[in-house]
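Look at the two complexes coming up: chain A is in both, with chain B in one and chain C in the other.
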Partner chain A sequence: MTLLFRRADEMRLLVWVAALVATGSVAVAAAEATSFDRRQLLIPVVFVALAVALHAFLAIRRVRGDQLLLPLASALTAIGLVLMQRLQPDDTPLLAQQLTWMIVACGAFAATMLIPRDLTTIGRFKWMWALLGVALLVSPLLPVIGREINGARIWVGLGRFNFAPWEAVKILMVVFFAAYLEEYREVIARPRRIGPIPVPPVPYLLPMLAMWAIAMAIVVFEKDLGAALLFLGIFLAMLYLATGEAFYSLIGIALVALGGYVLYQTFGHVQVRVDTWLDPFHEEMRFGAGYQIIQGLFALGNGGLFGAGLGNGMPHRIPIVWSDFVFDAFAEEAGLAGAIALLALYLVFVYRGMLIAIKAPTPFLQLLAAGLSFIIAFQTLVIVGGNLRLIPLTGVTLPFVAYGGSSLVTNWMLVALLIRVSDITARVRGTP
Partner chain B sequence: MSPRGIGANIRGLTLVIALAFLVTSFGAGYWTLVAAEELGSDPFNPRLVAAIRDRPRGAIVDSAGGVLAESVKSGNGYVRRYRDRTLAHVVGYASFKYGTAGIEAAYSDSLVGQDPADPLASWRARYLGERDAPGAVVLGIDPKVQAAAAGALAATGRRGAIVALDPRTGTILASASLPNFDPNQIVDPATEDVAWQQVNGNADRPLIDRARSGLYPPGSTFKIVTGAAALESGVDPDAKVRVDDPWQADPSWGPYHVRSASRAHGDFTMSDAFRLSENIYFAKVGLQIGGQRLGEYAQRFGIGAAPRCDISAAKGQLSGTGALDRPTLIADTAYGQGELLASPLQMALVAAAIGRGGVMPTPHYATEVRDAAGNTIRTIAPGAAGQVIRPDTAARVTQMLVAAVSGPGAFAFGAKIQGVNVAGKTGTAENPQGSPHGWFVGFAPAEAPVVAVAVIIENAGQGGVDAAPLGGRVMQAALGR
Partner chain C sequence: MELTFGVLLWAVRIAFLLLLYLFLIRAFGVLHRAMSAERVEGRPLGTLVVERSPARTPRVGERLPLRAMNSIGRDAGNDITLPDEAASARHAKLEHDGTEWWIEDLGSTNGTLVNGTRIDGRERLRAGDEIAIGRVALRLDR
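Let's turn to the complex of A and B:
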C-alpha cells in the first residue's frame, strides 16, 4: 500500500483535476446537446486514466520530484480538452485529435523521465542540440515537407499531420543556453565597462548576435512573430539569469525595438499586426484584419465577473478561436473569475518551476529549470496579452490549453524535465 | 569576483513575471468589466443580434402604430422583416453577420427586452437566462408625413434627402434619403453577402442616411444664421445696403469677387436680401460683424458639432480650421459657401430654433419604449438643447422668412401653402461634384410652428427653386391639409 502514499499530495490534487474535467465535460455536453450522448463520458474517463497512469508511473519509478506540476499541467490540459469539446466546429473533431495527442504527450513525458539516465549529461552535447535546433528551424522552409498555414511558414507536414518544429526548438534552446552559460557565465558576467554600459568579450558576443539574427530571419522568412519573440525572450531571460546583468537585457530590448521598427517599415505582415493592434475598430479593419481581435474583445465583454456559463457564449464568432483565442473564449464563459483562476494556475506552475530552479544543485540544472519555467510564463503572457490587446497579437500557443499537438507534446516533455530536476535535488539533498 | 548567485537572479525574474501576470489580470478586468458595457452595445457585436435567430426581437412601430420592423417565424428561427424601404436608414437593420444600424443598433438592448431603464431585466437575462419577451420601440415617424416626404423626393429622380421634425419636441416626423436600400436583403442569410457587396460597392453610397449623415455646403439657407447674428450685433435690418454685382471689399482680393444670384444693382434691406437671396448683402454684413461673431453664432446653431440625437448624426464644419480668419472666407461663409458643411438634419434644427423663438430642440427618432404587454417602460423626450438667440431676434427673422416665401418675386414661392403662413429659405449650394445642390429649409405655421423641414436635392437643375415645393408638400402633410 505504500505505493499509494508515495506521492500522496499529487494523488489528492489529481482528484480535483478529475472533478474539473468531469464537471466541465458534462456542462458542455448538457449545454450543447438536446439528448445525452454516452460517448461524451469517454473523454473525462480517458483523460483521468491517463493522468492517473502518469502518477502511477512516477510512484512506481520512485520519483521524488515535485508533486504539484503534474496536477497543474493536468488541470490546464483538462481545461484545454473541455474547451476543445466546446469550440470544435461540426466538421473537425478537435477534441478527439487533442485527446489523441495527449496520449502521445504521455508517452513523451514517460520517455523524458527515462532518457537519458543521467540528466546532467545532456549539457555535454550542447553544440549538437544547437545544430539540431537550427535544422528544425530551417525545416519548414524546405520543399516537400515545409508547409504554410494561415500565412505562417512554420510547419512541417508528414501525411495528414503537421508539426511546428519551433515548439521543440524552444526546449533545445534552453538546454543549449543553460549549458553554454554555465560554462562561460563567469566571463560574460564580468564585462569591461564603457561608462555604465557593459561590453562583453567579443568572442562570446557572437552567439548572441547569431541568436538575434536567427530570430529576425524567422520573422522574415517564416512570417511568424510569435516564435521569434519567444526565442528572443528566452535568450534575454537566460542571459540575465546567468549574469544578473540587467543591462544586457536592456540592450537586447533596445535591439528588439530597433529590429521591430525596421520590420514594421519593411514587411507588410508585421505592419498589419501592429496597425490591427493599435486600432482594430477602424472602419477598414473591422471586417478585415481587425475582425478576429474585435470578436475576441466582444467575447471578453460578455464575460463579466462570473461569465456567461459554459455553452452560453458565442465563441464561434472568433475565427480559429481554438488555436489563437482560447483565452477569450474561456473568459467569456468563465468570466473574469475564471480568467484569473486560469492565470493563477499558470503563475503557480511557473512559481513551482522557479522554486525548483532555485534549489537545484548545479548552475546547469538551475538555468535549465528556470529557462523552462520561463517558457511557460512568457508564452502565456504573450498570447494572453495579445488576446487582451495589451500587446500586438502573435501566434504563440497558450501552453497545454490551446489546440495543437506539437505544443502539447513538448510542454509535457517540459514538465517531465522540471520534475526530473526537482528529483535530482531531492536525491542530492536527501529530502523527501 | 564571482557573479551574483543564479538564485537571486531567478528571484528577480520571477518577480518581473509575477508583475506581468498582475498587469495581465488588470487587462482582463478592464475588458470583462470596465469596457463590457461599451463592447456589449457596439453595433458590430453579434451577441445582441444573435437574439434575432433564436428569439423574436421587439417590433419597431411608427407613431400611428404601424409596424416598420418585426420578427417573423420561419423555418428554423426568426427572421427580421422590414416594411418600409423609405425608412431603411432610420430603422436600420439587424444582421447576424454585418451588425446593426439605425434604430436597430441604437435601441438594441430595448429590442431584446433589456432596456436600460429596467436594469433588473438585464440582470435576470444575464445571470439567470430569464429573458423578458421583447416589447416595442415607438418612433415619432408620422406615416402621412413620411409618405409625403418619400413621394416628393422619389418624384425628383435625384439623390437627396428630406427631414421633418416637430420644433416643439424635436421629434422627427419624417426622414427620407435617396438612394436607399432594402434592409430585408441584408438580414436574409441567402442574400446578405451579395446585398452587402452591392450597397457597399455602390458609388452613390446608399447606406448613408443623407438626412442626418450627409454633409453639404448649406448655401443660402445659412443666411438665417448670418441674419440672426447680424441682428444681435446691432445691424439695422431696415438700413439700405448698396449691392453692385460683382463685388469685392478691397483690391487685395485680386480676381476674387462675390457674385449676386440675380446680378443685382440696387439698395437692399435685410428682408429684401432674404427674399431675393442676395449674397453680396450678407457678405457685407458678415464682414461688418466679423468672423469671430459669425463663427460664434454658427456654433450656437450647432454648425460644426454633432447634434445630440438617439441615432448618431454627422457633425459638419464651420471651416477647415474651425475658425473664420480671412476676409474672403468670412464673406463666403456669411452667404453659406466658404468651407461650411452641414447636414439636412442640422439645417432643419436651425429652422426649428427660429420658429420656436430661439430655442433649439434636441432631435430624437424614438418616442417611447414599451414592454411586451404594451406598458410604457421609458418615454424619450429630451429637453431643449438651449436658447440660442433672443426671442425678439427669432421673431424678426421669422418675419423676413415669411416674406421670403410669399413676398413679391420670392425665390421660395414654391413652398406656399394656402391659408397658412410659411417661413422658409431656399439655398443653392455650389459644390465640386457638379451642378449646384438645391436646398430648402422652413417651418409652418410661422406664428406657432408644428413642423420644420429641410430638403436637399443633389445637383438639382435650378437649385433651391426646385427644392422649395417639396418642403411645402411635406409641411402641408404635417399640417393635415
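Let's turn to the complex of A and C:
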C-alpha cells in the first residue's frame, strides 16, 4: 500500500496522461473510420503500461525528489504518439516504430537511473566522455555504417534502424562541460582585464574550445545546422552559468554572427535555409525549397484559435511533416490553444529542471542539471521558431514529440539524469 | 446515426484539448506545491548566522540560507550582499562540495578572516566557524 503513495503526485498526474493519450488515440482512429485498424487501440494501453512501469520502478527504488518530470515527459511522448498515429503515411509504420523506440527509451531510462551507483563519479571520466562524443560525431562519416538521409550525413545505420549520434553527444557535452567547469571555473571566471576588456585565460578555455570546434567542424561537414547551433548554445550557456561573465556571451554572439555570415557565403545549403526563411513565397522557391515552410504556415492559419480538431486537418500537405514540422501539424489540429498548452508543458519542464539545478548540492550537479534543462529549452525554441518562420529552419527535433528514435531515447535518459540530481538533493537536505 | 457519430467525434476532439489543459493545470499545481513545500521544510545546505553587522543589513541574528555556491560581497549581484564599506564588491565565495564547506577570498582589499585569522586561498570551514568580512561577522551553522 505504501508503495502506491510513495510518489503520489506522480501517480495522479499519470492518470491524466493516460486519459489524454486514450482520448487522442480514439479521436484520430475515429476520424479515419474507413481504414480503421483495431490494433491501433492497443497503443494507449501499451504506452500507459510503460509509463506506469517507470513510475513503479522509481517507487520501488525509493527514488526521492522530483515527481513532475516523468509525467511531463510522458505527456509529451503521448502527444508525439498520437501525432505519429495521425501523420503516418500508408507505407511507413511510424507509430509502431515510435512505440518500439519508447520501449528502448524506458530501458535506457532505467539503466541511467541505476548506472553509475554514484552520479557524481561520472564527472571524473570527463575526458572519456569527450573522446566518446567526438568518436560518435565522426561515426556517420565512416563508410559502412554512415548513412545520408535528406541531404544530411548524420546517421549511423544498423540493419533497418538509423541512429543520429549527435543526440547522444549533446548529453555527453553537458557532462563534460559541467565536470570541466567545476574544476577550472575559478580561473575562467576571473579573467585578467586590460582596461574594461577582459582577457580570457585562453589555455584553460582550450579544451572546451577544442571540443566545440571539433563538433562544429564535423557537424558542418555533415551539413547539420541544427546540431551545430545546439552545441554552440550549450557551450555559451554553460560558460555563462559557471562564470557569470556576460562578456563571454557577447563574444559568443559575435562569433555566431561572424560564423553565420561565413557559412552563408560558402555553403549552398545554408543559403537555401536563410533564403527560404526570408522569402519563401519567392517565385523560384514557392514550389521548391520554400514549399515545406509555406505549407506549414498555411497549416497554422487553417488551425486558427481552437484548431481543426484531431484528425480533421490537412497536415499531409507539409512534406516530411512528422519529423521537422510536427509542431505545425499539432497547431493545425489543436489550434493556438493546443500549441500554447504544448509550449507550457515545455515551460514547466524547463522551470522544474532549473529549480533542480539551483537546489543541487554540488557545483557539478548544478551545472549538469542546468545544462540538461537548457538542451530542452533551446531545442524547443529553435525548432518551434523555425516552424513559425521566426528564425531560419534547422533540423533539431521537438523533444519527445517529433518522430525519431535517437531523440526519444536520449531525451528520456536526460529525464533520468535530472531525476537523479533531484534525488541526491532530497537526500542531502532530508526532504521527501 | 451519421449525425450522432459526428457529434461524438467532436466531443472526443474537444475532450482531448480540455484534458491537455487539465493536465497542465495539475502539473502547475504540483510544481507550486513542491516549491512552497521546499520553502517551508527544505533544510538548506547550511546557514550563516549574522553575529555583527554595523550597517544593520543584514540584521544581527538573521539566518542566511546557503546554496552549493554562494558569492559574498558588497555588490548587489552577490548571493549574500553585505553593504559594508570595508567589504569588496566581490569579496569571498562559500562553496559546498557535497560533504564540506569551503571559503575562498576573491582577492578582496581587506581580506577574509576565519576565527580571527586571515585566510590565504581556499580554506575548509567547520560548523561554528566565524567568518569576518569587512566589519561584518557571520557564523556557519548547519
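In this section, the second predicted complex is superposed on the first by the 419 of 432 C-alpha atoms of A that agree within 3 Å, B and C clash if a C-alpha of one lies under 4 Å from a C-alpha of the other, contacts with A are read in each partner's own complex, and residues count from 1 in each chain.
The working rule: a contact is a pair of C-beta atoms (placed from the backbone, for glycine too) under 8 Å apart; a residue touches a chain by one contact, two chains touch by 3 or more.
Worth saying up front: this structure is predicted, and the values here are computed from it rather than measured.
K.L.:
Touch test for A:384: chain B only (first), chain C only (second), both, or neither?
P.N.:
A:384 sits against chain B, while chain C stays out of touch.
K.L.:
Could you look at A:13 and tell me whether it touches chain B, chain C, both or neither (first, second, both, neither)?
P.N.:
It touches chain C, and chain B stays clear.
K.L.:
Does chain B (first) or chain C (second) touch A:67, or do both, or does neither?
P.N.:
Only chain C is touched by A:67; chain B is not.
K.L.:
What is the contact status of A:414 with respect to chain B (first) and chain C (second): first, second, both, or neither?
P.N.:
Touch status of A:414: no partner.
K.L.:
Contact-wise, after the overlay, does A:318 reach chain B, chain C, both or neither (first, second, both, neither)?
P.N.:
Neither chain B nor chain C is touched by A:318.
K.L.:
I'd like to know which partner A:351 touches here: chain B for first, chain C for second, both or neither.
P.N.:
Both partners, chain B and chain C.
K.L.:
Would you check which partner chain A:429 touches, where first means chain B only, second means chain C only, and both and neither mean what they say?
P.N.:
second
K.L.:
Answer with first, second, both or neither: which of chain B and chain C does A:23 touch in the superposed model?
P.N.:
second
K.L.:
Touching A:366, do we find chain B (first), chain C (second), both, or neither?
P.N.:
A:366: touches chain B and chain C.
K.L.:
Could you tell me which stretches of chain A are touched by chain B in one complex and by chain C in the other?
P.N.:
Looking at chain A, the two contact sets intersect at 186, 190, 244, 306, 309, 312, 335, 351, 358, 363, 366.
K.L.:
Going by the contact rule set out above, which residues of chain B touch chain A in the complex?
P.N.:
1-4, 6-14, 17-18, 20-21, 23-25, 27-33, 35-40, 42, 44-47, 50, 126-127, 129
K.L.:
Report the residues of chain A in contact with chain B in the complex, numbered from low to high.
P.N.:
Those in contact with chain B are residues 185-186, 189-190, 237, 240-244, 286, 294-295, 297-298, 300-306, 308-309, 312, 314, 317, 331, 335-336, 339-340, 343, 346-347, 350-351, 354, 357-358, 363, 366-367, 370, 374, 377, 381, 384-385, 388-390.
K.L.:
Could you list, by residue number, the parts of chain C that touch chain A in their complex?
P.N.:
Residues of chain C touching chain A: 5, 8-10, 12-17, 19-24, 26-28, 30-31, 33-35, 37-38, 41-45, 67-69, 77, 95-98, 104, 106-107.
K.L.:
Would you tell me which residues of chain A are touching chain C in their complex?
P.N.:
Residue positions touching the partner: 9, 12-13, 16-17, 19-20, 23-24, 26-27, 30-31, 66-68, 71-72, 75, 79, 120, 186, 190, 244, 306-307, 309-312, 334-335, 337-338, 341-342, 344-345, 348, 351-352, 355, 358-363, 365-366, 428-431.
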